[in-house]
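Chain naming follows the written order as A, B, C, D and E, and within any one chain the residues start at number 1.
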Amino acid sequence: MIVREKPRLWDLLTAMRGSVVPHIVRPLLFLTGFALVVVWLDHFTPYVPKLETSAYATFGIGLSLFLGFRNNAAYDRWWEARKLWGGMLADMRSLARETDVFVPDAAERRTILHLAIAFVHAHRLHLRGQKLTAESDVPETARALAGTPHPPCTALDRMNSVIARAHREGRIDGFGARALTTRMSSIALQQAGCERIFNTPLPFVYSLLIYRTTFLYCMMLPFALNSATGWMTPIFVGVVAYMFLGLAEVTEELAHPFGLQPNGLALDAICRAVEISFAPHLGTEPPPPLRPVNYYLI
Amino acid sequence: MIVREKPRLWDLLTAMRGSVVPHIVRPLLFLTGFALVVVWLDHFTPYVPKLETSAYATFGIGLSLFLGFRNNAAYDRWWEARKLWGGMLADMRSLARETDVFVPDAAERRTILHLAIAFVHAHRLHLRGQKLTAESDVPETARALAGTPHPPCTALDRMNSVIARAHREGRIDGFGARALTTRMSSIALQQAGCERIFNTPLPFVYSLLIYRTTFLYCMMLPFALNSATGWMTPIFVGVVAYMFLGLAEVTEELAHPFGLQPNGLALDAICRAVEISFAPHLGTEPPPPLRPVNYYLI
Amino acid sequence: MIVREKPRLWDLLTAMRGSVVPHIVRPLLFLTGFALVVVWLDHFTPYVPKLETSAYATFGIGLSLFLGFRNNAAYDRWWEARKLWGGMLADMRSLARETDVFVPDAAERRTILHLAIAFVHAHRLHLRGQKLTAESDVPETARALAGTPHPPCTALDRMNSVIARAHREGRIDGFGARALTTRMSSIALQQAGCERIFNTPLPFVYSLLIYRTTFLYCMMLPFALNSATGWMTPIFVGVVAYMFLGLAEVTEELAHPFGLQPNGLALDAICRAVEISFAPHLGTEPPPPLRPVNYYLI
Amino acid sequence: MIVREKPRLWDLLTAMRGSVVPHIVRPLLFLTGFALVVVWLDHFTPYVPKLETSAYATFGIGLSLFLGFRNNAAYDRWWEARKLWGGMLADMRSLARETDVFVPDAAERRTILHLAIAFVHAHRLHLRGQKLTAESDVPETARALAGTPHPPCTALDRMNSVIARAHREGRIDGFGARALTTRMSSIALQQAGCERIFNTPLPFVYSLLIYRTTFLYCMMLPFALNSATGWMTPIFVGVVAYMFLGLAEVTEELAHPFGLQPNGLALDAICRAVEISFAPHLGTEPPPPLRPVNYYLI
Amino acid sequence: MIVREKPRLWDLLTAMRGSVVPHIVRPLLFLTGFALVVVWLDHFTPYVPKLETSAYATFGIGLSLFLGFRNNAAYDRWWEARKLWGGMLADMRSLARETDVFVPDAAERRTILHLAIAFVHAHRLHLRGQKLTAESDVPETARALAGTPHPPCTALDRMNSVIARAHREGRIDGFGARALTTRMSSIALQQAGCERIFNTPLPFVYSLLIYRTTFLYCMMLPFALNSATGWMTPIFVGVVAYMFLGLAEVTEELAHPFGLQPNGLALDAICRAVEISFAPHLGTEPPPPLRPVNYYLI
């Protein structure tokens, strides 16, 4: 995730990092070139048809509907994903505090918290499509989950086994068991929410409709503008295409909020925040928070 | 549900699978043909009236209002349905964990979880309008529900009877009974949410308004464009009709999120995820997750 | 509520049932006639002023703002009302299950469930503005509420008295009392939500703004279109008026979701669903679900 | 709050009560007069500049963004305020029922309910910016709060003291204490929600942007329309200004939902509904519900 | 936060305080100057190209999509932040009441409440990016947190330790422990929500797209308007730029709701409200509420 103060205007206008320009440079060049060809043909031949610009506005309606909708839907996914991880952080802090209150055995408290740390890392890797192996760069307890069918669920199941055993053997009373299972179910809800966003892309048909309409729009634009704007047409087409293809690209990125691309969420930093919050409860030194490197926080 | 990575641009522009083109090809041909007739008549007779294009924009306002609204409403239904099934998955995992904590009798634990599996399959068939029979392709315990008036409710009622009996006979204490009934009521809420979406279509009147306005719009379009775009008019009309009828068709599909059409939700895959999550609690081998076949996951 | 599969295109274009045309036929005729007069006057006299169409677009902005907002607000009311009744159904099912778990006395269980049935019927009549009398077509227990100041609240109060007495006399323990009062408060929340929608119409001032602006818009339209569209102007005005007045009428209907008009919610069917869900708990035969008659479900 | 059935069309077009016309009549006259001066000057002098109308559309974009946003934000505040009071009513009814179940002492039950009535009245006055004095037109118990720093909080604190004492002295058991403190915290949440809306206006900067842009828009309108619409320009400007200033005024009203203006919420009626709901629990005769006077319900 | 009654119209049109004009005066001057140069060049040379204004409308679509989206997203952040602090206030009041009910030891009650006051101040400083030191202008107990890695979390952890110890030593029973840990977890959720807004800016790529498109739009405007509006063009461009850059600037401010800028939230006033609410529970004199100074409340 890119984290930077509002840059000065000049930086805003020229920044390349975080810009979508590199991703859409090829269709941009194609559309600009196409416009150039149209203008050139129109200049030397009488065969290029004209479109009235106001007739053209019809397309704009459809395009703004499609892009506006998709932008909202993609941003909602991104922000909901962030909310789920924020709720997860809160759940983890509450879990640590509730074990202090309801689990009298210090060793069991530590086991639960270490498994919780394993869970957040396994969950993070799962959402990023990375396989958890014995070599993954995660804490010891998380690596112990390598090879299980669904590592995050296994971590939660193991936490639950600790609680179940302690409850049956009388070390956690009914109130504690209710408090901790309620917490576990809240964590499971956040987890399932993230898996939902991860497993269910935006309906594919929108991608088809949007890219097709955007391309048709941009390819018809020279016929509409040509007679009025002449040789400036390719520039104009390029700018319009930048605007619409850029937005389409942004929505594509935001709709997958768990990736490592510039606008992906900083899951590593949140996992670290969990570790920092657990430190006083584990009696360990808190690790330093992750800081953005070159405005980029993973 | 279609699940595929963002395809390359060329695939986006030409893909037929997942496209709505096949569903709207007949009205598309009709409208394009109608435009052709209008242009032809206008070419040879003086009787074809003209519409000023800017006057025409008035329609665009209405059309974008109707389509924009309906698209949002349909997508919200689709996404809410997905959220409800995501919450159901979380509830199922929490149910399995809470039985571990609060139900000491292993046989009763297994009975509850098997009935829960029966529930999710019966619920899935119910939402897809499929009758649950003794031959349905569902687990044994679900088939046992065949013939009951409302199989999903019966499954939950049977789970509840197990809990009620165990509570009365003292095998589940008050805390456990509260935990499990709270979980059951959360499941019932997700279930009723799905039934709500299944039973309550978008208000019928919107379909009337949208299809009528779209047709009027597309049939008036040749009169508006004719003088400016000439023989290109039918192409133009075809593209506009593709855009608007395509969106209307998409919203029709998304508004019924439990169907088996390309944009329907992958309920089978979620039922399988429940079975995978239950495996460690039942002491069985987890079945493999469902994978998309030809980009298509049911 | 109209419940029908997506009809064939021809039916969509000609259906009258569920259409708003009958409700707006008088203003439609008035506006079309007015346009005819303007065109006729313009044809024979030089005194009819002209409006430039692009100047006219200014109005479209306002109109689309008003109508778009009101449509969303009205649909949200309708859908929220449906959600509340869906939540009520879930609460009722959970209530039946929780009485199984926490209320050991079968007679008290039956009393509670019969009062719950009385509640949903009384609540339905209340929301439809119908007085509950000893002759109302509702179950016996509901008719017993006739004459009380607020029948739905009385039903809930009586349920509560049963619970309170049983708790004081030790037949329901603390856990059960907590479970049942929590359920009662959830029902009360759904009830208050419905009463909120019933008692609080959309702010009246919007009706004024919308109807006034729509009329002004449609009455100015002939002056704007006249010179371009000539004798087709009345048709054009009629179509535009259909679109905008139709939407205004739809929003009026949806904003009152509890009525018996074609787009009202099928409250009878939901009350029946509650009775079906209660049957196994009461040990009675479930009544058949209500089916749409002529596509219409009450 | 204005409560009336959908009036007949003629009433809609002429109603003054509930209309915003009286509030915006001065700027309306100013803008219309200004347009008249512009037209007059243009008629007799060559110095009046012309604006092309399509260039003018640029403004419409900004204006519709600002007004559309503000309208949604204001309505959301209004509707959220209504939801909070609806939730409060449900909480009050649940409180009455829970005291029946969990508070065995009848005198303590009555004390709690009387303090709850005092709370809703004190809360209502607080949100309307009215000081609670010993002469306020509220029930006896509410007047007893006069002079305290924050009367609604004091009422809740006193209710809480009753519960705390009864719990410590063993008249309310642990389950009851949990049930009642949970209810109290739900009430506190609704209360804080209302105070949030009351204390935090919409960001002031939007008022500046909207009023400035609206005025600029309406003052430039004559220069754009003049050549096309001639002496009809002032009428046109007046209608456009009515539409936009009217909407701005409506949003101003709705953004303060607790006021006594025609679109303010009917808080008195809700407070009365609380009293009616409490009557059976207090053993008193329920007061009659408040009815709208001249379509107006406070 | 600026708090003022709706000012008179004249004040609205001329107010500078709270206006964004000072922040955007430089790009405004630049764009106006640029327009002046274009007009001047066009007046004396034939080389300045013309853009047709209706072609130009294409840009408006994109711009309104971007600005409309960003405005909604920014306002939602601001309002959600306010909701979280409102929920925090409610939680604090409920905490005070629950300690009265469930914590019999007066000294422990006071300790918990003083730590809660420390928490809200530490949380406020954290969200404003201010370091908590032994010299910070906060209550004594908050200053005691200076030097800890995460002062707000430390405050909550210390509250939790008090509860845990009292529970283990039998001074708080199971019901109380559940009530208080539930309250703590609600506070932790509100806290994590605020940290989410604080740590996760709006995706950077939107800033790029918006500022670039706005600048391109405003720099092309003179070419489009020039021939129609002549020497009035710079004024026109200035007004349009004010509208769009102003909105962009507003969204930038609202997207950071915890700052001290004119539209930042009044966190100091809410912290004070917590202290006022605690006073009766601590047996101290409530401090006076904070009042706006020169319409400005911090």
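The rule is short, and it goes like this: contacts are C-beta pairs under 8 Å (C-beta built on N, C-alpha and C of every residue); 3 or more make two chains touch, one makes a residue touch a chain.
Since the structure is predicted, the reported quantities are computational estimates derived from the model, not experimental observations.
Looking at chain B and chain C, not one chain touches each of them. Separation of chain A from chain C in touch steps, taking the shortest path, is 2. Chain C maps onto chain D through a rotation of 70°, based on Cα atoms and reported in steps of 5. Per-chain CA centroids place chain A at a distance of 23 Å from chain B.
One simple way to say how far apart two chains are is to compare their mean CA positions; for chain B and chain E this gives 38 Å. Shown for chain B are the residues in touch with two or more other chains, namely 54, 57, 64, 68, 174-175, 178.
On chain A, the positions that touch chain E within their shared complex are 1-4, 6, 9, 12-13, 15, 18-20, 53-54, 56-57, 60, 63-64, 67-68, 71-72, 75, 78-79, 82-83, 86-87, 89-91, 93-94, 97-98, 100-102, 104, 173-176, 178-179, 183, 221, 224-225, 228-230, 232, 236, 239-240, 243-244, 246-247, 250, 253-254, 262-263, 265-266, 269, 276-277, 279-281, 286.
Considering their complex, residues 27, 49-52, 54-55, 57-59, 61-62, 64-66, 68-69, 73, 149-150, 153-154, 156-157, 160-161, 163-164, 167-168, 174-175, 177-178, 181-182, 184-185, 188-189, 191-193, 195-196, 199-201, 203-209, 211-213, 215-216, 252 of chain D touch chain E.
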